[in-house]
Every structure is written in C-alpha cells, then in structure tokens.
Amino acid sequence: MAADLATVMQIWFAALFTVWIYSIAFRDNVFFKFAEHTFVGAAAGHSLVYGIDNVKRYGWTPFTQGASLYAVVFLLGVLLYTRYHKSYFWISRYPLSIMVGLGIGLSMRATVKAEFIDQIISTAGLKVLGVDAWTGFSNLLFIAIVLAVVYYFVFTFPGIHGGRLGVISKFARYGMMAAFGYSFANTVLSRFNMIFGRLDFLMTEWLPLPGAMIAMPIVLILMVYAMIPAENRPWPKPT
Amino acid sequence: MLVEGRMFALGMLIALWVLIIGSMEMSKRKLPTFRKLSGLEALPEMVGRAVEMRRPVHFTTGLGELTGTVAPQLVAGLAVLGYVSELSAKYGARLIYSVYQSQVMPLAEQIMREAYIKEGKIEQFDPEYQIRYLSGEQFAYASAVQGLAERERPAANIMIGPFYAESMLFAETFYRIGSIQLAGTARGYQIPFFAVVCDYLLIAEEIYAAGAYLSKDPVQIGSIRGQDVGKMIALVLMFVGVLALALGSSDLINLLKR
Amino acid sequence: MIMKEQVKEKTILEKLEDVPREVLYGLLLLAFIIPMLNPIGFPVPTSDAVKKWYSTIDALPKGSVIMVDFGYSGGGEPELGPMAVAVYHHIFRKGGLKVIAMSTSIDGPLLWDKAMAEVKPEQYGAKYGVDYLHIGYIAGGETAMAAVGKDLRATTSTDYKGSSLDQYTVMKGIKDAASFNLLIVYTTGGDQSEGWVRQWYTPYRIPYLCAVLAMMVPTMLPYQKAGQIVSLVSGAQSGEMEFLVKVPARGIKSADVITVTHLLVIAFVVLGNIAYFGKKAKGGG
Amino acid sequence: MSLIIRRQIPIVIVFVTAVLVMTDYFLKIPGTGPVVRDLQNWGVILTAFTLGYGAVNLFYLHTRHISRRTPGQWPFSIWLLLMIVVFTVVGVTYGATSKQYSWMYNSSYFALSATVYSSLGFYMTSGVYRTLRPKSVESTLLVITGVIALMRNAPALAVSAPILISMDSWISSIPTTSAQRGIMIGAALGAIALGIRTMIGKETGFLGRLTEAEKGA
C-alpha cells in the first residue's frame, strides 16, 4: 500500500506543477512563481547530485583502486571553485584551461573534417549529368544553393557582391528562407508533441485518481484568482 | 606517422591556421572593407522613426554569459549596442537596454557612456532609465521584457546575441505593439522565428561580421577575413569538383578523402 | 448603405487580427483535449527515414554490439521517449544483440529506468548485464564521447548503479569505439547529436542512427546527406516506428491530436492572413 | 610576473592541451595516446565538478534576497534553496538512481522541465496567427515551405494526400539541406577561427573575471 501511496502522491505533485506552469501562458501568478522556483532549485540540485555521482564513480573509484594520480584531478576540481574568491579567482583558470584546451582540440580536429571537408566532398559528388532530368535539376539547385549561401557569408570582399553579382546573395537568402519555413513548421510539431505528453499525463494518470476531478476545478479557480492584480482582489488586502 | 584518411584534413587545418593568423596580422596594418549588411543599414532609419513617434528604442542581447561558448555572440551584440547608442545620442532617441547578465551591466554602461560622449550628448545619458537589469532567469526575463514592451511601447526593437526559446515570444510581442524589428542570432534553432516576424534580419555569421565591423577590432576583422578566404577555398573546391565529376573525373574527390 | 457595411466589415477584420491570445490558447487546448477524449484513430504514414532506421537494426548480424546514447532531457521525453521504447522493443525482440547505453544528458539514467519499465525486457528474455546495460551519465559532452570512444573501461569501471562492470558478461570484449557495430543516439541537444558525428563517426566510422527533436532535424540534415548519419528521424515519428515494430503506444496515440492541432494552426494561418490582407485592402483601397 | 602566472600560463596550457589532442589524432606518435586518454578522463571529472556551479550561484543570489527581504521574492528564495538542499541530501544519501531520488525527480523536476519547454507551443500558436504573412518574396517562400511542412506533419492529412509527403521530402532534402550545409560550412570555419584565437590568447572569455592588472592592460 505504501508504494501505491507514493505513486499517487507523485502523480499529484507532477500534475499540480504541470497546471501551474501552464498558467503563465495566460498571466503571471503566484502559483507559477512557486512552480518556477521549484524548477530552478530542483535543476541546480539535480545537477549537483549527478556531479557528485560522476566524481565518485569516475574519479574516486579508480583512486581507491590505486590510481593515485587522480588526487591531482580532485585538487584541480576543487580549485575550480576559487572563481568565487575575490582575489584568488584566477587560480580557477588553471583547471579551466585544461578543459578549454581539450574542448578546442577535440572540436577543431574533427570539425575540419566533419563539417568542412566532408560537406565539400558530398556537394562535389552530386551528379548533374547522367541522371534523370528531375534528379539532375534538384542536384543542380542543391549545389547552387550551397554555393550561394557560402558566397553570401563572404563579408570582407565587397566587390563580389556589387552590381549584378548581388543577385547571388538574393538567391542565397531565398534558399535560406525556404529552409527556415521548414524549420519553423518542425518546431511547431516538436512543441505540440511536448504539450501532448503533458496533457496525456494529466488525463490518463491524474484525472482518473480519486478526488482529482473535484480538485481540478478548485485548482483552476484558485489560479484564476491569483491572476487578478493584487489591488483588485477582495482578499487578501495588499499591504 | 600520418594517418590515412586524415591527411587532407591536417593540411587544411594548417592552411587555415596560417590564413587566419596571417590576415589578423595584415588587418593590423590595414582594415579590410566590408560588404553591405542590410540589417545594419536599417538602424539609422529605425532610430529616426522612434524619435518621430516619440517612443523609445529597445535593445536586448539575449541570454548567455560572457564566459561561455556563446560569448562571441554576446560580444557582437554589445558592439551593435554601442552603435545604436551613438545613433540614439545623435538623434535624441530614448534607448532602453534590457539586461539578463548582471556581469554585463558595467561593460554596457561603459559602452553606452562612450557613445554619448562621442556624440557630445553625455547630459542625455541616464543609466538608471536606460540600462535595466530585469532578471537572470530565462522565463522571468522573458516576461519582464514583455511587460516592458507593453508599458513603454518602443517604436524599434533590436535583438542581437544568443537567443533561446524566448525568441518567438519577444518577436511576437514587439510585432503586436507595432515596433520595427531587427534581429540576429547565430543560434540556428531560433533564426526561423526571427525570420518569420522581424523586418530586418542578420543571419548566423552575419552578427559576428556586424560586431567586428562596428568594433573595428583588427583581431576580429582579421579573423573574419581569414574565414572568408577559407569560404572561397570551399567554393572553388565544390565548383571544380562538380565540373570534374560531370566530365568524368573523381580525382579531386579522392584527393579530399585522403 | 454601402459605406456602413464597409465600416462594419473593417471592424470585424480588425477584431479578427487582434483576437486576444487567451482565445487562441483556449482553442488550441480544445484541439488537444477533444481528440484525446474521442480518439479517431487516424492512420500514420511511414517515411523512408524510419524504414531505413528499422532495416539497419534488422540487418545487424547476431552478436553485434550497439552503443546507445540515452541523451534526452525531461523536456524532450514526450517526443523521444516513445521512439526509444519502440526501438528497444525491436532490438530485444530480434535478440542476439548486445546493447550498451550511456547518457550525455543529466536526465538520462532516470529516464532510462522509466523507458525500461515501459519496455519490460524480461518479456523477450533479455537480462540486465547479459544482453543490455547502462553505464550512466558521463559529464563533459564531446569530451565524454571521445573518452569512451578511446577507452571505455578507462573512463568508467562501474555501471550507472555503481556496480563493477567486470561482473557483467555483456561487457566481455568491449574496450573502445571499435568494439561497437552501431551507434544509436536519442538527444535533445544539438551539441550532442553533432558531437557524435565528430567524435565517433569521423574517427572510427561507426554507423550512426540519430533521433532528435523535430525542430533539430533541419540542422542535422547535411550530415545525413553526406552519409555521416545512416538515418535521421525525429521523435515526432515515434508513431511510425511503433507501427513498424507493432507495439502501438504513445506515438500512435498522438497522431489524432497532432492532426487536429495542426489543422487548427493551418486555419490560424489562413484566418490571420484574411484579417491582415482584408484590412490592408480596405485601408489601402 | 603576476600577469604571467595569472594569464599567460593558462593560455599556454590551453595551447599545449589542444595541440596534444590534435597531434594524437593526426599523427599517432607513440606515447601521446595514453596521455590524451588520461586527459580526456580528467576532462570528464573536471566537468563533473563544474556541475555544482549552478547551485553555488543560486546560493549567492538568493541568500542576498533573503537577507534583504526583497518584497515578493524572499519566501520563494527560501523555498528554492530548500529544494537544492533536499535534492542534494536525498540524492547523495540514497544514491542518484535510488527509488527515493527517482520519486522526487519524477514528481517535481521531470514534470516541471517537460512542462516548461512545452509551454512554448502556446506562444508559437499566437505567433503563427499574427505573423506568418507573405509580405515579400522572402517571406512568401518561408510561408509556402512552412505551410506545406505543417500539412505534412499532420499524419492524417499526409496519408490522405501523399503528394504532401513527396513535396515535404523534396523541401527537406533539397532547399533545406543545401541552405543548412552552406551555413554549416561557414560556421565550421567560424569554430576553427574561434579555436585558433583562443589558443593564441586573443579570445579570453574563458578567463572569466579580469584581474586589476589585466584591466589596466
């Protein structure tokens, strides 16, 4: 029974937080503020918990098994927090510089291949001739848009955008706008899926619980009340 | 020693290194000129219109920190803020800058003060009114900007920097109150929302170019110059590759794969 | 008479353009709730990307090892959760495959538990530690991917619960990226979906199946075109995957709601434009 | 001297680490492999340490609200800090994947984050209603591709009019992919340039706050 009670309580909390967060779409109110602060606090707590978990599992465990070099990492990790000290904050730059160097090295060595050369290879490998007319046209358009967009982002050679050549930039913008329209529609889809997820939770898990159908209107009325500006509320009087 | 399949990439990386550092050095001697950025060209007119309508100009640099990965976007936004401050001082517009990062406030104040001094209008600069720290939390900041928009009804709204989910909210709110808008971000997911709503748009890399152009910093400008040459290399490789393939040769592609 | 009519129409158009957002939100909520109360059972189309994803897993020989990044956040769970569940059904039902999961998202381990509770691997005879395993959240984004790719066992010696990896038979012979035959990524972060291309596909050429939020698909498309990703799908296509795997769940259920809400949005576009252009025509003419 | 310790050496560390990581990838010099492996594992642990930054920042900010009794804010600040403490205590004592912690996560953080991001769907709807207007050639193109994709994304519509699927897949594979690729090539160069600037100490955002000496310089 105890486990059941825990589940029921979990659903109630989750449901209330869901409804309270949605209320911001209509107007700011105290319930939203409460939910929002819970969110921010929980997020910080959650990442702290997983930070500790990671330090323990990836650092402490090998250290206890004899990898004594990890003591240095712990020291560096603690030094990261000198950033909050008024005069010794610069010490945190040492561990940070290792992280930054790693990040740059890992990203640069792969970016030049994955996002530059491989993209060039893939574009240059498109066939315009020797395929059916529609594919040929599509590939030609594809190549034209890639070239035009890269051309568009050349900034310091103003000559290449002057006069009739300006048409290339215009074409590039057309291509990008078509792409943005597609992205826009996909974002709508993503957000709606998320709303569906929450409403599905409310309707299939919360509302069937005993008392939920009675509680829901009360929750909504309280929320609407909280949306009324304080000076217009009959109670409590603003201080 | 050399790894098969990674040689061309290594060569390209070294070439880019030389190119970018070389153009930084060259820019110290002579700054290269920039192409027209249609978004920036619209700014004087936007500020002028706000003066005519006796309504303020609103500016935001979005979220992010000066120390994170999106810092370059924030820096670009601040460079544009400097320019808009100059324009506002010149035409006598009321400029309001909504701040998300408290660490940016002293920097922003300095930038804006210098702009007003440059235009000889320092007496018009009112940091209390013009620089508003709204909140350091995303949704609280978003709703505070919304509130500000509805109260002050700015005639122009300029958003340059790293924007997240609040982009659509801002764009729609200012659209509803009839502001002319210029927006730019390099955060790919948010560009479509700005493209849908805003009158003028700086797309992705354009904000860095705008920031560098306005700041006249040889390091930034030189870096952009180097990247431009890199883009031209890409253009040539793609163009020649397509032609060669049409003529039946895939030598270039094989070279790139080495 | 004519004048009066014109004036009246103009105000209607104006009102139409300035409909309070509360009304729009209310209509949207109704468009969600009504089909949820009265399911219509709209059909779902299957796209090539989902079919390709499905057949890639189907074609894996027995004994293949799969790395799964369970990398979505709580916010993306409604979209990517159903996809991950459907794919796990497929993998377990096929049998003979080893699945090692890790998370680049801090929500990953708990959401993985949630997904496993839905999949119930035991119904296919799959056992934790023998057929599948979770090594936990690993901080660092691309650094974590690179670290695991270079030497998994040097990065972690325990699973997500903190038990030693040595005791699990599924880990036998698994050392680094080269031990894997396929990479599956579910993520809500662009840095993650792109990072896997940079840190796993580029150096090790591990075939990569990628599932992201629908809104992230456009920015990932160039990778698919260049062959760096075998197949790119969005979580919004979970219904299609459930259809192929024949385990209908949340994804198919959402089809009704997504259809009705999208029809509403299209109606909004049309109405908004009628109001805008109608007003403009009256005002200008 | 202080400038060297406080600024130059960290930049040198960045440079050396980045070069080492790249050398290991491009040249495979014997001996670099294990060093880079260890460095990467260190990177993981150091990042894990930074996961506490959020909590510390919030403590700074909200203890100030509480001590100043900021009207309308300080009770929420207490609650927020309490949430951090409760999460941490439960997560550390019972374990990050324990039943107790998972209960707490599911009843608050999971529900909240899922809802916060979905609430944007509402704003988008009014955005669509008010702003999707074909005013110029550019915006017309955007509206056309947008509306086609919207129609395709409605599953039932797509099934009844399969032409939508082929139109949508053409839009996605030709104009969208090509425009995104153009942007990607530019952004890749931007990322490489940013990396180079950081390695040679011209981009110092990561240093954080500046010391007095640096401000002078």
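We just call them A, B, C and D in the order they show up, numbering each chain from 1.
One rule holds for everything that comes next: a contact is a pair of C-beta atoms (placed from the backbone, for glycine too) under 8 Å apart; a residue touches a chain by one contact, two chains touch by 3 or more.
In this text the structure is predicted, and so the values were computed from the model without any measurement.
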item	value
Set of chains adjacent to subunit A and to subunit C	B, D
Intersection of the contact lists for subunit A and subunit B	C, D
Chain of greatest Cα-centre distance to subunit B	C
Of B-D and A-D, whichever chain pair has more C-beta contact pairs	A-D
Centroid spacing, where centroids are CA-atom means, of subunit B and subunit D in whole angstrom	18
Separation of subunit A from subunit D, taking each centre as the mean of its C-alpha atoms, in whole Å	6
Gap in Å, rounded to a whole number, between the CA centres of subunit D and subunit C	18
Chain centre separation (subunit B, subunit C; CA means) in Å	31
For subunit C, residues that touch 2 or more chains besides their own	25, 75-78, 106-107, 138-139, 143, 146, 155, 162, 203, 214-215, 217-219, 222, 225, 236, 258, 262, 265
Multi-chain contact residues (two or more partners), subunit B	6, 9, 13, 16, 139, 188-189, 192-193, 195-196, 203-205, 224, 231, 234
Subunit D: positions in contact with at least two other chains	22, 25-26, 38, 40-41, 43-45, 47-48, 51, 95-96, 101, 105-106, 109-114, 116-118, 120-124, 126, 128, 130-132, 139, 142-143, 146-147, 150, 153, 172-173, 176-177, 180-181, 183-187, 189, 192, 196, 206-208
Residue ranges of subunit A touching subunit D (in the complex, touch as defined)	6, 9-11, 13-15, 17-18, 21-22, 24-25, 33-35, 37-55, 58-59, 69-70, 73, 76-78, 80-81, 83-84, 89-90, 92-112, 115-116, 119-120, 122-123, 138, 141-150, 152-153, 172-189, 191-192, 194-195, 197-198, 201
Complex interface listing, subunit A residues touching subunit C	25-26, 46-47, 50-51, 53-54, 56-58, 61-62, 65, 99, 102-103, 106-107, 110-111, 113-115, 118-119, 121-122, 179, 182-183, 186-200, 203
Partner subunit B, residues of subunit C touching it in the complex	190, 215-216, 219
Interface residues, subunit D side, partner subunit B - complex	22, 25-29, 61, 116-117, 120, 123-124, 126-127, 130-132, 139, 142, 146, 180, 183, 185-187, 189-190, 192-194, 196-197, 200, 202-203, 205-208
Residues on subunit B engaged by subunit A in the complex (per definition of touch)	6, 8-9, 12-13, 16, 32-37, 137, 139-140, 143, 189, 191-193, 195-196, 203-206, 209, 213, 221, 224-225, 228, 231-232, 234-235, 237-242, 244-246, 250, 252-253, 256-257
